């Protein structure tokens, strides 16, 4: 049991608050001998980094990662890898006026109800800033994947912003717009819509889609260590996520068995599936098809539109959250979701190696 | 790490296959001194038991639970509670003709790819029969909840079958029809539709909704032991589940921040919320509102309509799954979902007691 | 966290009380495809079984193990293996007269202080009968070891009974006397001494030595998953154990660095060590030498000599424990210690495979 | 499963190497609202700090702890507490000449055999420098204990150095000599002896004794979460420890049941025990008596006397370890052992609170 760790054998523990001096992650159980340096991590941090367009928070953080342990002469040693990120631009004064009132839709009230602690500086541990540590850990997971499953790729995209959906799935486009949107036309509409909402002092939700290609079959387990159960927990643990679905997802409820059956055909390198309603996972174990996952992110709760609330004394009041917030926190959830998926897959590769040694039933 | 356990301090380990001699659950960490007998468990088993209407599998199992340990003179001792359920009606011969072919949408292919083992008798460990053990464990969790959070209730309903949704939420109706449907009119339509699908040799998906009332605020944690992350993993670990959502769920993506903010008002016993888009959980911690959760169950993969597949040698073939299967496995997922929610809530009550001793920030 | 489980990836959960209907173990994480039947387990059970000589308790238990899950057509499936052992000869009436008084040196008082439960029937969960489940699990661990580390052997012996030590280490002799004593002459003296003590209504302590040969180098980890830390916990978790030592053990305190350094020499298959003060483990990781471990078992607390105590009301009284007890519980601790060592080694083999894939630094 | 964490609900993860930039500990699960600052931690660090007498290593480290998270406005928040300690005096050049040869009795060879990594700079993760992080975590544990079990004290002493034992147990004396020796006369003899050994280029082992007074009864569990099993693992996880014993310990083997029975008498505040052979723990659960534990530390393996060894190529050679090493590593193991005991007791207090809520069977 650990409140701030996840993973079975590739185990990540994160620590740190939004407005403390630093935050980070300890990665335990990483295989030894893998090449790893800060340069392998930084590009992933930069994808998540705030302030890169007018559509994300203007907080300025370089999000530079220092590796404090677990790497020697450029290679992992097999011991814990401490990844430290300094907070640089914590302007707590923004929070002074909201120090005594709860923000509707925000964790500050439950934090208070549980701990009797009010870290009014910006959410404390419940701030999305914690996800920087996940991205750093995810970069280490990617190194493990590169080593153990060389062809495996993980890609994420924002496929819906509010009521506006992306129609296309053009992965090259994802890197060309500030929304990680796989549809150039949608991206243009989203820019206009988000400008409008931001000016209104409003915010908006989003759906993120993740696709992992080249995942070996056989990862996961039939019951509580199901690959999809671990993925669901990983995504739901990201701030503001309210739903997770695999393959056909919630829409699977509307299908009949005849429609849902992904028929199996003989293929050149093993089974080929006629469809992928299962999203690459059957009975908790990977099939070898693409793993397809979506999660929904609610709109940022910190908004400039006044909302009714109460203060710590229980008196009614109104609140406007100034600070610097993402009008659509879903944007920066893309690299975070990718990182969590990388951690889960690396963990399950190692876990499967423990139990089966990579043993596989052969077909044909 | 444990492949077949879940829970932090109220820890359940299940074991057993669909067609072995027995299956069961070990419940570890249960508080001592609670009244518990087989009679407390049986009613919940009976809710999930097959063969109670023409709409579920005709396999005949009495699902009688034997308590083999952890209870002395009618009270829990604080030591592991072994709950044993004999399999009585395992007709493996049904499976003879499909012993060498994989069922599209079924776990038998991933099972084979991972373990090199083919338990053709009925899914082995990946069979929904495993959920009987969860319901037994959930009954123990309910005893813990009755003791530690007396007003807490957990209720489940099937709110959608295929394309047909329940409009009403009449909890009394749930106990009156064979679908756990909270809408009498919908239930009647579902009966006709399911008869039609069954006669076609088809099956259908469903959405289950769970509501927990009277949950104390303060359960959960801000990051990886989020109450919703644990609930998501618990539900996704149930057979055939492809999506999980809390509160507004996937639809939260379409909301704006102004719409999504559950405004807070002073109430007679603490904060009162104007809405519950959050589904009772903010920042991973319970607010004291109703916890509202939905999950989607895909259609049963074992159908009588022929589907293309391959056999163990990789040769193309067709398959028809005779056996005795639920045409809508979502029906019996209702008591299973309730049981999992009971386990997660009992676990988090104990976990919170460990860390905070029930300490709470007071409002007002 | 689990109160009744041990192991990282080869994870054993035991359950059951001395005087309930049954007890057993669930083994989770076992590799698939290994040959396993009840016949592989029974010989180990028989070694620990009570009533095989006048020197152990006269309780009659056949200790027959039923495999209820996790094995199909003679091979492990990779799913949980439930090992069930029925209690057959639970004569609770023996305990009637001590039902209200605490036994000095026995767990009944702490059990009561913690749980407010008094399982006077024979120690409940704290009875040494629980160790039958460990031996069953250990038999499964041996199958894993036979598969992954074919040359590995684990042997145990009782090397001291009270003040009488075994001088020789004749492993063949261990199987020839009722004490698992590696010294025929000592065994004869022990028989006389134990007859004398038993007639006095007394009991006596013992030291058990375990030796594992053929352990691959590289098992363990530098800090909290040290191989010796896990072995120490495993042995200390056995009833009545009060001390554990590895290699030179407590006597290492009396050595100088010059004496203690196990000099390293080139050998035909890698390093050869001039001595083995380290007991086969350096820095928590196996060296490839024999792992040598000893643990001390206190005398049975249930004795026929009257001792002063108090009853549940706190009133002073005297107690004599009739029942059927081992005069030297150390004897039957030998197969239990061996089983625990097998579980720890199997677990670390799998754990090491997860992290390093069996990668090894080569010397020469 | 975690290679670098310990504890069930008060969970400590340490990270960092001897010669990297920093090391530290993350403490997860700490109750919220407890007063904590760096000033609460530093005194414990100073007790363990090297270079405070001629009898310990001359490495100069201020061992100043920075709290990077988990504390806000002087109180714990209930979120992870990151404790960072910079390495200041890492003179790796000392190690240049031993970079290719293995030190007899040292972990460098097993490290190499497992990971294929050679962190010749000073043991890497297997260096005793890691224990600084434990002492920092232990200081946090003491704050928890002060809150939950106000009268509880933990004290440690070195009671044997090589062949020389301390006869007295004068706790005041422990703070007056550089050996944490509870016997002034012994301390004087040890000083002379250690000077002699150091000049010889030799080192020596030690026995440490820990005593916890005021431990509430009821901590622990009957089987694998035994309080003594967790204490044994905690102590055995400290560098160079080769044996652990509770109460009568290894000597319990020599006792008879009549001698060993700690008779129970009515006392003013509950049961009073006539003796404490059990060392405060019966059946894995605390009795309320003093917990008494001893562990043996082997002599430092890094010595100036030449020893035969091999190099990475497997060629025979001789080695002399220059560097700066403790001639008796047992001295600084005293505060480390105390810290580990504090962590285990804090963890079990929280764990017991989870399961029993502090429920206790009353006597009288």
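Letters A, B, C and D name the chains as they come in the text, with residue numbers starting at 1 for each one.
Basically, contacts are C-beta pairs under 8 Å (C-beta built on N, C-alpha and C of every residue); 3 or more make two chains touch, one makes a residue touch a chain.
For clarity, every value in this text was computed on a predicted model and none was experimentally measured.
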Label of the chain whose CA centroid is most distant from the centroid of chain A: C
Result of counting contacting C-beta pairs for C-D and B-C, higher pair: C-D
Chain C-chain D separation of Cα centroids, rounded to whole Å: 26
Separation of chain B from chain C, taking each centre as the mean of its C-alpha atoms, in whole Å: 38
Residues of chain C engaged with two or more neighbouring chains: 1-5, 8-9, 14, 29, 32-33, 78-79, 114-117, 124-125, 222, 351, 355-356, 359
Chain D - residues contacting chain A, complex: 1-5, 8-9, 11, 13-17, 20-24, 26, 28-29, 32-33, 66, 68-70, 72, 75, 77-82, 114-117, 119, 121, 124-125
Touching residues (chain side chain C, partner chain A) in the complex: 1, 8-9, 29-33, 78-79, 222, 350-351, 353-357, 359
